[in-house]
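By letter and in written order, the chains are A, B, C and D; residue numbering begins at 1 in each of them.
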Amino acid sequence: MKNDILTNETHPELRVFRLEMAHPGDVSRLAALLDAGTINASEVAAVIGKTEGNGGVNDFTRGYFTQSLFHLLARHSGTPSQQLQDSIPCILSGGTEGVLSPHYLVFVRTSAAAEAPAGPALALGKALSPVVPAQDIGRWAHVRSVADAVRAAMDDALIEHPGEVAFVQVKCPCVTSARAESAVAAGHSVLTADANRSMAYARAAGAFGVALALGQIEDDAQQEARLLADFSRFCSQASISSGVEVSVNEVVVLGHSRHWHGPLRMACEPMQDALDLSAVMTALGRLGLKPAPQLPPAESARVAGVLVKCEPDRRGHIRGVRHTMLDDIDINAQRHVRGALGGVVASVIGHGQIFVSGGAEHQGPDGGGLIAVIASVGNL
Amino acid sequence: MKNDILTNETHPELRVFRLEMAHPGDVSRLAALLDAGTINASEVAAVIGKTEGNGGVNDFTRGYFTQSLFHLLARHSGTPSQQLQDSIPCILSGGTEGVLSPHYLVFVRTSAAAEAPAGPALALGKALSPVVPAQDIGRWAHVRSVADAVRAAMDDALIEHPGEVAFVQVKCPCVTSARAESAVAAGHSVLTADANRSMAYARAAGAFGVALALGQIEDDAQQEARLLADFSRFCSQASISSGVEVSVNEVVVLGHSRHWHGPLRMACEPMQDALDLSAVMTALGRLGLKPAPQLPPAESARVAGVLVKCEPDRRGHIRGVRHTMLDDIDINAQRHVRGALGGVVASVIGHGQIFVSGGAEHQGPDGGGLIAVIASVGNL
Amino acid sequence: MKNDILTNETHPELRVFRLEMAHPGDVSRLAALLDAGTINASEVAAVIGKTEGNGGVNDFTRGYFTQSLFHLLARHSGTPSQQLQDSIPCILSGGTEGVLSPHYLVFVRTSAAAEAPAGPALALGKALSPVVPAQDIGRWAHVRSVADAVRAAMDDALIEHPGEVAFVQVKCPCVTSARAESAVAAGHSVLTADANRSMAYARAAGAFGVALALGQIEDDAQQEARLLADFSRFCSQASISSGVEVSVNEVVVLGHSRHWHGPLRMACEPMQDALDLSAVMTALGRLGLKPAPQLPPAESARVAGVLVKCEPDRRGHIRGVRHTMLDDIDINAQRHVRGALGGVVASVIGHGQIFVSGGAEHQGPDGGGLIAVIASVGNL
Amino acid sequence: MKNDILTNETHPELRVFRLEMAHPGDVSRLAALLDAGTINASEVAAVIGKTEGNGGVNDFTRGYFTQSLFHLLARHSGTPSQQLQDSIPCILSGGTEGVLSPHYLVFVRTSAAAEAPAGPALALGKALSPVVPAQDIGRWAHVRSVADAVRAAMDDALIEHPGEVAFVQVKCPCVTSARAESAVAAGHSVLTADANRSMAYARAAGAFGVALALGQIEDDAQQEARLLADFSRFCSQASISSGVEVSVNEVVVLGHSRHWHGPLRMACEPMQDALDLSAVMTALGRLGLKPAPQLPPAESARVAGVLVKCEPDRRGHIRGVRHTMLDDIDINAQRHVRGALGGVVASVIGHGQIFVSGGAEHQGPDGGGLIAVIASVGNL
């Protein structure tokens, strides 16, 4: 089998460490785990986290954390920082509004002895696409590029069927003024040179790319017109970020594979709107957790990570009641909605180390989004 | 009996109208109810609302709404706008972050026929104190001034015992640079000339004033040192705002009086922290409402108003996890926490017309606050 | 002659009062002048001012001041507030960043005895267009609507030739979500339903409308494609605001007419970019003022009003050096640029009562804008 | 002689490189100069720059740039990053509001042949104090600690008399919640645990420390009460920053020493208020520059660096006119004032690569600040 994480003596096992950070350059908690040998630097497969910036184009907390992380891993692994950065997805969402707390999930692919109890268990695969040219961003070529990377990540995870995929996290590049200028100089046209607009298109392309890889839509370039237009189309397993700091699609696939071992499982539920508390309950319930309505501490301790995508309803109303997020030029709408969803979800989970990310175009129902929970099934 | 709302033929009844506004100058929903005769302008006793400003010193949406409201009531009642403003508390909190929605509660004191079923039912009393001199603000004289007004409002509500008081809303004046200058010129000293700091002290004095009126503390001026210092002291029925736009304490007391009739009841619960979802459940449960965990539409329709006070935990942590509200100079900490609590509570109630107000010093437990719910007990 | 401001015994004279406000509802300075008889309410022709909001869609300080102003004028004139609002342009720009100071210019059309020295002197005309349907906003029909109103205002000012026009201030309506919905329901299409985008198109249409009225461009609907596209086209006399609070174009024309008397004159200069200090010097110099480089107090006292339009350079650079205004999601780009230009101009004039307004699309050179100064020529 | 920058064959010469950055992690311009051998990494003596954060406690662009800078210098010098950081002051001010542009000044101490023309020429000395304990911050012990470091930096610069000092840049630590907790746990008391307040006290202590070292005040601990209280006391050569990222005082002294060679000179002028344009003119004039009122390009090219300290007037007025900076909770007051001063100064210099830093307590006149210009005297 091509994937070297399978051997005769051992089976892959995913471990997830949820670590706090004191500031965006603080990787001391991971450093301590590396120093202690709890984590082997070469087994770090992906990092997903929230930093305390504003989440916009001028949020440099993501770049700062990324630089700090890869310097640390380089020091521990002996591999140059840039080379690591080219193989380990580090997907960050800026903005810890309200009760949200800066933290990062370190996904470690380790191995269990072959006699470990059989799967299926939570599996992780990753892939980085080739560079996406500026002229492709937000177009069907971008959708295909994401889909290819998702398929590669599924292979990497030893996930055999789309139905086994629980959640796909993608970070897509976007067009910046500089990239737009280069592309135009080379005779290409870009969909938009506005970075914020381009990020939205990139997220849309990412969601369609995941849907394509999972067999939920056809590979039909005509569908390009649906991006940011037909919001009835969405993928409930796709969580997409976009940022100026990447030029390739970074993909992390999480799902359940019979080849993997360990206690972790994942549930992902679409959220109908920003107030869809029952989706939170359902996701937890599918993992055997019993919120009442808040998770008791012992249950909350079983939760390894929570990831939420959400969106300020672009029609200006939630359940018939006006919201003011879209017209506020003092606070960006995504900051507003992250703060609200942070409250909704953290009050159930019992703490604020929740990954809540805005920009949920085509990632769950229009005006809503999705919630994904990773938890240990404990002694079930 | 001194209170003219009691007669032989009728008994007072409180009605609460929760009205949306399209912008802070929009009182068209109230205008329509006045035009239709549903509300009699002379029976409007108090207004509590949320406008879509930033909630800070430079939030002029409160003044704009107030001006619009009293112009409307003046036109309908024939009483000059300023005179109405001197007798009807209009207490506004700026800031509809996240899923929160601009709205206002109009409290109307009307009357039921004498044969209406006996109380106790929800009662409202109001009072406005004399002008609080700048040099008194945030000091014990201010505490006493609030307490006197609370007692007057209890009388006005025909509430006989402190135990019958469910919730007291107070709006206190604060020191502005201009008021500080005048006071100093007149030979006085002010506690602080910083408007934001003064607002915090005024809220603290308001909370102590309510506690004093309710017999929860002694009238001991030595306790002045506890304001903004000893946060173990708090009043779980007090909700205090402060603003540059008032020079007197405006007080609204809500409670249950045997002299009143009607289906409205109120429950108020302290919140231990920003994630205290169980306090929300308890308050609803005490009114016979059954969240599961969100209120079903029929139950939600029974809720006339929800009022929440909250606070970004000043120690920088919520349940051991760091939050970033206090160090963010892009978004005011109160805006952060309102957005989070808005999510917590709206996801249970099912919509965003929730009054969530920051600055909960001594109003509920430190780092938490309180939630108050007004609901119709329907055919119970 | 149709215009009733000309009589045999008197000649029109423009007076300009620059008044401070303590907050957006404060019209006490004007009230005092009305009470003292210094200003006759029926002679107030227009108001242009800066309020201390954020200048965006959710800036309600403009509406608050407008309501306060017209209530005051209604009380003094006996004319209903709404009727006054339909005839007196009140054009406000929100945002007093940095050293800028909230203030308003009250333009009063009074009369001088016929034996007063001959003109030309500064003249003011005004006009309000019919309602601009949502589907017209930002399109050529909008351009024509503005042009018609500018011509009407020129007539009103007794200005006979476009060359006599110094400065045209226009406030245009924009499309809001609600207006867009109504238009679409009625079978129309709108250029954009995004309020911010619509405001930009409305400003562009306003600038083209002024250019059309002044004979600087042809009435050719093909030019519609140039709006927000061909920034080499601009009008150096046009200052355009747009806001949700108006549904008609409000136009104020200022220029020099031989029929008018009095000491006021006006100079308007295009600014090449945000650092075009020499344009400021030129405008002042044309009025006989001698900055060195700051105006000495006696010279500054001759300045009745300063109006500036400016723009964060959309290419991201000023004189080859990167600026960060466009990528900052914490502070709106228009707030950034107003603060900078406020510093540039106020440091020359000597105080912060400067009208600086962003959104200078087609109003002066791309990336720049214009500066207009009204000053008394004193005893020249 | 103790100072090893003096030898028989060579004389020290200061060179200043003003470099742009594309983002806070971008040190590519310096990398290119190091690669080209234009700058020798071991000769880099100090860096002063502006990054595009918000300038507040949660501005991590400073830490990001610092990390990037020292990684680069470590790679080129072979010295570990942390060791470099302990010897090379890197003083950053966040916030490039308005026309300001992110950039950094690299101060290189190189040497000229002994036969180079005699000084005095611009000299730079640096020093880092021992760690300032949290309980000392903002107190007289802090003042002394800064003064000692300034004297050490003067020695390092071969500056013999206080009168030769042109400008002193200091970065002071402040108390954070964490440091406060540790200090309190160890039995100490801190002046304030509020980070923003502590930063203000630290800047005040820094300014007094410079004044003490320059012999402008006595070493009298009674004066501690003047910090942030008696604003009539100020030092016109002191520019102080404070930040959570440092625990020692970092000091850079610039002045004119007869031991140094080269064409650079510096002039520093107090600014009376935010509109003190004549101070800008005076500083330039003292260096032989001729603004008219903007510097012609050839003159502007002689300017190596401009550093400004400023302050939103805490009395709420500038020259009798109200400003709104202090009451705006949407935009921090320091961001406001930097944007305004950026406009004032950049419009004279002709570009936005100006170091403008807020928090000018006791650094220049109350409500004003200071401007310092480094320029080449060319062939004068």
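Throughout what follows, a residue touches a chain if its C-beta (ideal position, glycine included) is under 8 Å from a C-beta of that chain, and two chains touch if they have at least 3 such contacts.
Keep in mind it's a predicted model, so treat the numbers as computed, not measured.
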Touching chain C and chain D alike are A, B
Looking at Cα centroids only, farthest away from chain C lies chain A
The chain pair with the larger count of contacting C-beta pairs, comparing B-C against A-B, is A-B
When centres are defined as mean Cα positions, the distance from chain A to chain B in whole Å is 41
Per the C-alpha centroid definition, the whole-Å distance linking chain A and chain C comes out as 48
Two or more other chains are touched by the chain A residues 22, 52, 54, 58, 324, 328, 330, 335
Seen from chain C, its contact residues with chain D in the complex are 20, 22, 52, 54, 96-102, 274-278, 281, 291, 293-294, 318-325, 328, 330-331, 335-337, 339-344, 346-348, 350-353
Chain C partner, complex, touching residues on chain A are 54-59, 177, 195, 315-316, 324, 327-330, 332, 335
Chain C contacts chain B in the complex at 22-25, 52-53, 58, 60-61, 63-64, 67-68, 71, 178, 330
